[in-house]
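Paired with chain B in one complex and with chain C in the other, chain A is shared by the two complexes that follow.
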Partner chain A sequence: MTQPSALDSVKRAADTPDERQPYAELGMKREEYDRVRDILGRRPTSSELAIYSVMWSEHCSYKSSKVHLRQFGTKAPQSEALLVGMGENAGVVDIGDGWAATFKIESHNHPSYVEPHQGAATGVGGIVRDIMSMGARPIAVMDALRFGGADQSDTRRVLPGVVEGISHYGNCLGLPNIGGEVVFDPCYIGNPLVNALCVGLLRKDQIKLATAPGPGNKVVLFGALTGPDGIGGASVLASATFEDESQAKRPSVQVGDPFMEKLLIECCLELYQADVVVGIQDLGAAGVSCATTELAAKGTGGMDVQLDLVPLRDPSLRPEEILMSESQERMMAVVTPDDIDAFMAICAKWDIPATVIGEVTDSGRLVMTWHGETIVDIPPGTAADEGPVYERPFHEPDGQAALNAATPADLPRPEDLRATLLQLLGSPNLASKEWVTSQYDRYVRGNTVLAQPADAGVLRISEAMPGAEETTRGIALATDGNGRYARLDPYAGAQLALAEAYRNVAVTGATPLAVTNCLNFGSPEDPEVMWQFAEAVRGLADACKTLGVPVTGGNVSFYNQTGSAAIHPTPVVGVLGVIDDVAGRVRSGFTGEGDKVVLLGETREEFGGSEWAHVAHGHLGGLPPEVDLEAERALARVLVEAAARGLLTGSHDLSDGGLAIALAEACLAQGVGCSVALTGEDAFTDLFSESAARALVTVRPESFDALAELCATHEVPCYGLGTTGGTALTVEGVLEIPLPELREVHTGALPAIFG
Partner chain B sequence: MSAARVGVVTFPGTLDDQDAARAVRHAGGEAVPLWHADRDLKGVDAVFLPGGFSYGDYLRCGAISRFAPLMEELIPAARAGLPVLGTCNGFQILCEAHLLPGALMRNAGLHYICRDQGIRVESTATPWTSDFTEGREIVLPIKHGEGRYVADEATLAALEANGQVVFRYVGGNPNGSLNDIAGVRNEAGNVVGLMPHPEHAVEDLTGAPSTDGRGFFTSILKKLVNA
Partner chain C sequence: MARVIVDVMLKPEILDAQGQAIARALPRLGFSGVSAVRQGKRFEVELEGPADEAALSDVRKMAETLLANTVIEDFTVTVEA
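And now, the complex of A and B:
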């Protein structure tokens, strides 16, 4: 930081207009620095520069993505369920009976590469605080993870650390981990993706917002002490491409304390119950800078802060460092003078340090002092909302047409489909993820109805709040994303991610309601990457409109690249659904003998970006499966209605690896075999094609006609394939695999790699 | 007749208290919240110490909780015969408080592990297991990183000889516990600790794919009602 000896006050800044300032080192461009000077009419103090540099970073300001993300608003479908949309800490959705759910997914990619355990742990911590700051009790988490090739040595460093970090932090918080994804691809070596989702529950009339209204109200910083953690951490890390400097960046990853966060959760809920909070904001990236500017900008417009009152873990911290510190487990609240004693008493009960550091004003200025000297005096909105906006140039990548032309049509097809099935089932992307998920507590809080490896996590809505114990209501959540599809066609790839998550929610019997997304891309300064981003956002916004599910919020992660090699564009989409009677939820896979096995949806010859092309040939080319959103919508209607009428005994989405993998997973779910016959002309296509808008369901034989009729009503193709039962997966005339063999291949793959 | 009152203790960092209270209520009992900082057992008839990471498991699992003001009341009450059940972190606390013998160490596989685990009920001579039949195999979830039960040879021999091993893992020892021990009791039998979680296996809809945990709650409630 600059000038450690002299305090750079506003007065000093006015007196030394020509002093050179390290804006470039802080990641600011000359034009951005000049704009700050224009706004202030003088050079910024070093503290002001710290604030603007972090608030205007890509991570906090969305300066490259904003012009595209607007489509999520302009194209948003009408939705009565949406209570709070984009722009708050997380979106809020009405789930009925006076309950609301708030959910969001956020990336912690770069820190998880540098320091896998702490990076992933604090990713969970950050998203949980976002949910808390809406006034909700966090009730579950899930994680969408991407790693380099399973056989690459750095994956063996990164994956165990990430899983341990999520496991330790999430388990200590007492939040069930109910789903997510683990995907391997060499494109993520050096740029793993750690996208953490949290869902919270609140009464719909108790939503809290990040706002600081009411002059005279107190500004309270509470939670952990402020230390030199991640100074410039998320903001600078997330805005800079990795070269080979990760050693130098190591100290900028934050360290998490889940015990403090657990206390903070319980403390916040008690504060909400006592109704002593006017506005609240969590401290994440950009710490105190972000919380004070955003609270002030959304409130009466002004705030006075005595920065020297911030309780420190390291008393030598300078004001600039305090402003940029990303110490975890901190929150900021606005409290009326009348309630401040009650507020402090609740914090004391939970052993949470809490300090009044300032006051709301109507001055329109955020003013900070340091031992009496003014070091910050800015209009808060200029830092929080009026950052730079870039219309980055973009164009289709040079090799895109050639990539799309290199279809998998000429790849040699296998003779031995039994061997192919086993090869795919034991490949890292399709193998059982139990090695990972068994390290997560999926039961805590006692409301877990379905968790991994189910298609979607399902929770009963039950909280010990006044007048509300157990209900019959449930929510379902799924995340999906396929980087290979998006590489071949980012517009379609983003839509396929949404379609799969939407379908995964519907197979449980829940009605999809709303969307969150985490958009993971390379550098926005590369026009080819920017094209992928623009296409993906356009595709997702269009599909959300067609499917009638609004985007409620999310996160953009750029600069996931090393040198000039970017990751596959990887939009990860989370869908939340609601089910009125959660006892009617449908389990994944076969649940009993003698049920009829039914395939819903149409199978075409679609192998572009498929697991088969990837595993058997290391091939990526052609086009991804066709997107048919009307078919997805019709399929979901059938699944939800059939579940509500109690027709389905089991249900499973078809996706990566096609029917073959869906059948194998359905058999392994409860150890029930099946005997089926294929209906198409080509057994290979029937088994391994990845056509979208399909699901595998089971019904009691007497219910088949009712299901067929329902399918006819909604124009969903419906094929009876065979019957459940026995101890093998049998595809008549094609293959027969005993379940123990299937299980060994499926569950043995990851332990063989990761121990 | 009023319902039997089972205290459910919350330390800072306790996680399964809501689940434990619900399980008590489902079995027909009254769940009474007990707060770590209060020197007050509120006249409860039995106490459940739920799982979690009390005090962040800092220093050593259960090592700090043992000194909580509430424990100053609980320890003598347990010695005097009050029925006490500790699961997971609760078991660790009971060992740290010397209400139960032995200790719980890091899992042999070094990973936290969450799975549905086969367990054999070895002793029904406790107020928490009287509704089971001896030798019955049940399924309960385990979810812990430090559940490897250890004790010195003499203690272990005494536990086995006195029938103080209440639960044993079957179908694979998940954590390297000596003698496959999943849970033990004190000599008097009123204090029981185990790593698995009966409170997560009481409903058809939620939790583990079994309702074998109900037996713990029906056992204690019958015992209290008949007392």
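And now, the complex of A and C:
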């Protein structure tokens, strides 16, 4: 057994200025450690070192990304809908009738690789608490997932565990999972991406913020007990010697308890209703360190904490470990002395342990004691906000020009387009994701209007809340991201991710309002990766400005690489939209016989980064499809207005796999076939090109003229292709596939692999 | 013929939500004096031959591969007398 080290108090730190400290083992650079010494005017105690090391980590401080992320603010479009922007736990958007929606996407990539089930489950738990901490009731989740090749053996370990973890946690919480993505590419082997999104609903005037104002107010830790979860590196601080290996056995895996989280949700909502919360913060990465420093920094500026009062699951935990513990299902609230009894009574009602561990002060210092001895005494802002900021060098990757020059122009075009369609439709990325999504509860709570495989999830706004009148409103949400496009051109790739999510929201009839993003990249210390990051952020910020949808928050995940091989740069973009009347939402696919099938948008020969090049030739080169944001905006206007006027009977976005896949999916949605004729010169390009800013819609024949007129007004190209009906997908003179054959190929692919 | 028992438990530092739920339920059912409960799994593996070192080594491999998730669980292998 390890001998615990002597308590490293502030007094002891002053007396032993030269004691060697394990800053490097905690991931701190020498300059960063020296800066801590400068700030404090002495060496930090081991508890202070724990706080600074974790608060100044890439994950918490955004030290490599900050200089680029600023563009989301400086280039932000004017938006009256934005109530809370970046910098809080999640952004909040005005969705009308007194309602607001809060949403955010966050990565849980590495934990999901180490322990897929628990990693993915706690990813859901973490993002749900972010949404709760804004004052909202979480109402739905979705997940954007990336795995290695479907045929790679580790994918068979990671994918089932991740899907199980998401479904377990989300289903236990009773939250519908309404969408997301599953993408396979060998570049993600060893670095799967698990990006979890949550959306919550609240009244506009009930927004809560992470702040600790008012000296004398109580600081309450409530929720699960604190255990040695996810401590990892902090153990080095708690052991007697740095060489001691026995302490390194502390797990880096966190295990969640969704039933505790469910209680926590209901408890928080009742606390908000009773109006007994001044400020609130969820405990995520960096646990108590993060919550105390951030709350104090945003409030009156000071806080006294008795760390020995933190209730523990494992009584042997040392203060350094308590500070860094990532135990799940915990929250911290600031409560006035007058309200504390009411607060505690509500927690007791929900069986939620709650403990007053400190008090807000105006001292400007965060002071923590351990059985009477002072172990932390720092200005909280120096840990929370004034971390290091790096202008990392970046340059275009050496092989980028060659990659862009290797266009798909020379790839042999297929003779048999029927076989190509079936090959693509049954490939892992385009195959039906039903095997995954059927493990999620999509309809719990009864407000789901559209869910997978629809282009976007749509929810009815229906909450029994005081002061809330009846509303017909709904919200729509979609996430998208294409790593291959971003690999070819990160600036355009990020814009295409936004454009697709924006389009997916618009095809349901909802008006896109706001953006969240999860930026998954390799190591920022690699200038080539940093270039990809810089370009992607610049592209996304520019596109948000043009489309008039502000970024409300999100998350950066760096170091997604194994050795020197980084993943494709993968910006995942989530777009939230609002629809005035959910009864007018448009389904994605053919809904009846005899409708006119219409293609909106222009098709060019664009195969760079396409599914066809990937599946048929294993090719990645050239440039991604051209970005035309004005065309995207015009298309969205047509889609939203046409839906509002009741013109559309179905609507589906064109993206991966082009028109061919969109037609197949539209047929399979309700089992309605179609007969269409192509309009271009080359059937292959017409069917498989991935040109952006396109959608496939259906209208009753008598509505076609009205749609055509609307398209003309907005200068959106509009082509009548044919008619719905029958039991086959027929492209005149090119191919005919009976729907049962189509369905078998589409739905059989993933079960055949993951069974 | 021999029977080998594999006991799988969450590592002591890992949160055991089910064990906690049981511990919370006990007082409600009138049982007192219990300070904590941890829940695990027990496997009874029937061997075709004797439980010699080679067979036990195989069982340990089975436990590592399938019966236990060694990222968060420990296991013990014992031969039933």
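Of note:
The working rule: the second predicted complex is superposed on the first by the 730 of 755 C-alpha atoms of A that agree within 3 Å, B and C clash if a C-alpha of one lies under 4 Å from a C-alpha of the other, contacts with A are read in each partner's own complex, and residues count from 1 in each chain.
The definition used in the following text is that a contact is a pair of C-beta atoms (placed from the backbone, for glycine too) under 8 Å apart; a residue touches a chain by one contact, two chains touch by 3 or more.
Bear in mind that the values here come from a model prediction, so they are computed numbers and not experimental data.
After superposition on chain A, the partners chain B and chain C are accommodated together without colliding. By the touch criterion defined above, A:653 reaches neither chain B nor chain C. In the superposition on chain A, contact of A:665 is made with neither chain B nor chain C. Rounded to the nearest 10, the angle at the Cα centre of chain A between chain B and chain C in the chain-A superposition is 60°. With both structures placed on the common chain, the touch criterion links A:489 to neither chain B nor chain C. Using the contact criterion defined above for the overlaid structures, shared-chain residue A:259 touches chain B and also reaches chain C. Contact with neither chain B nor chain C is seen for A:88 once the two complexes are overlaid on the shared chain. Of the two partner chains placed around the shared chain by superposition, chain C is the only one that A:229 touches, whereas chain B remains out of contact. In the superposition on chain A, A:320 makes contact with neither chain B nor chain C. With both structures placed on the common chain, the touch criterion links A:440 to chain B but leaves chain C unconnected.
Between chain B and chain C, the partner in contact with more residues of chain A is B.
Taking the two complexes aligned on chain A, the least Cα distance separating chain B from chain C is 5 Å. Within chain A, the residues touching chain B in one complex and chain C in the other are 257, 259-260, 351.
Of all the residues in chain A, the ones that touch chain B in their complex are 164, 167-168, 171-174, 257-260, 262-263, 350-351, 437-449, 460, 464, 582-583. Per the touch definition, chain A reaches chain C in the complex via residues 114-115, 118, 224, 227-229, 250-251, 253-257, 259-260, 313-314, 327-328, 351.
Interface residues of chain B, counted against chain A in their complex, comprise 12-13, 15-16, 18-19, 21-23, 52-53, 55-58, 111-115, 141, 143, 145, 197, 199-200, 203, 205-208. Those residues of chain C that touch chain A in the shared complex are 10-11, 13-15, 17, 20-21, 24, 69, 71-72.
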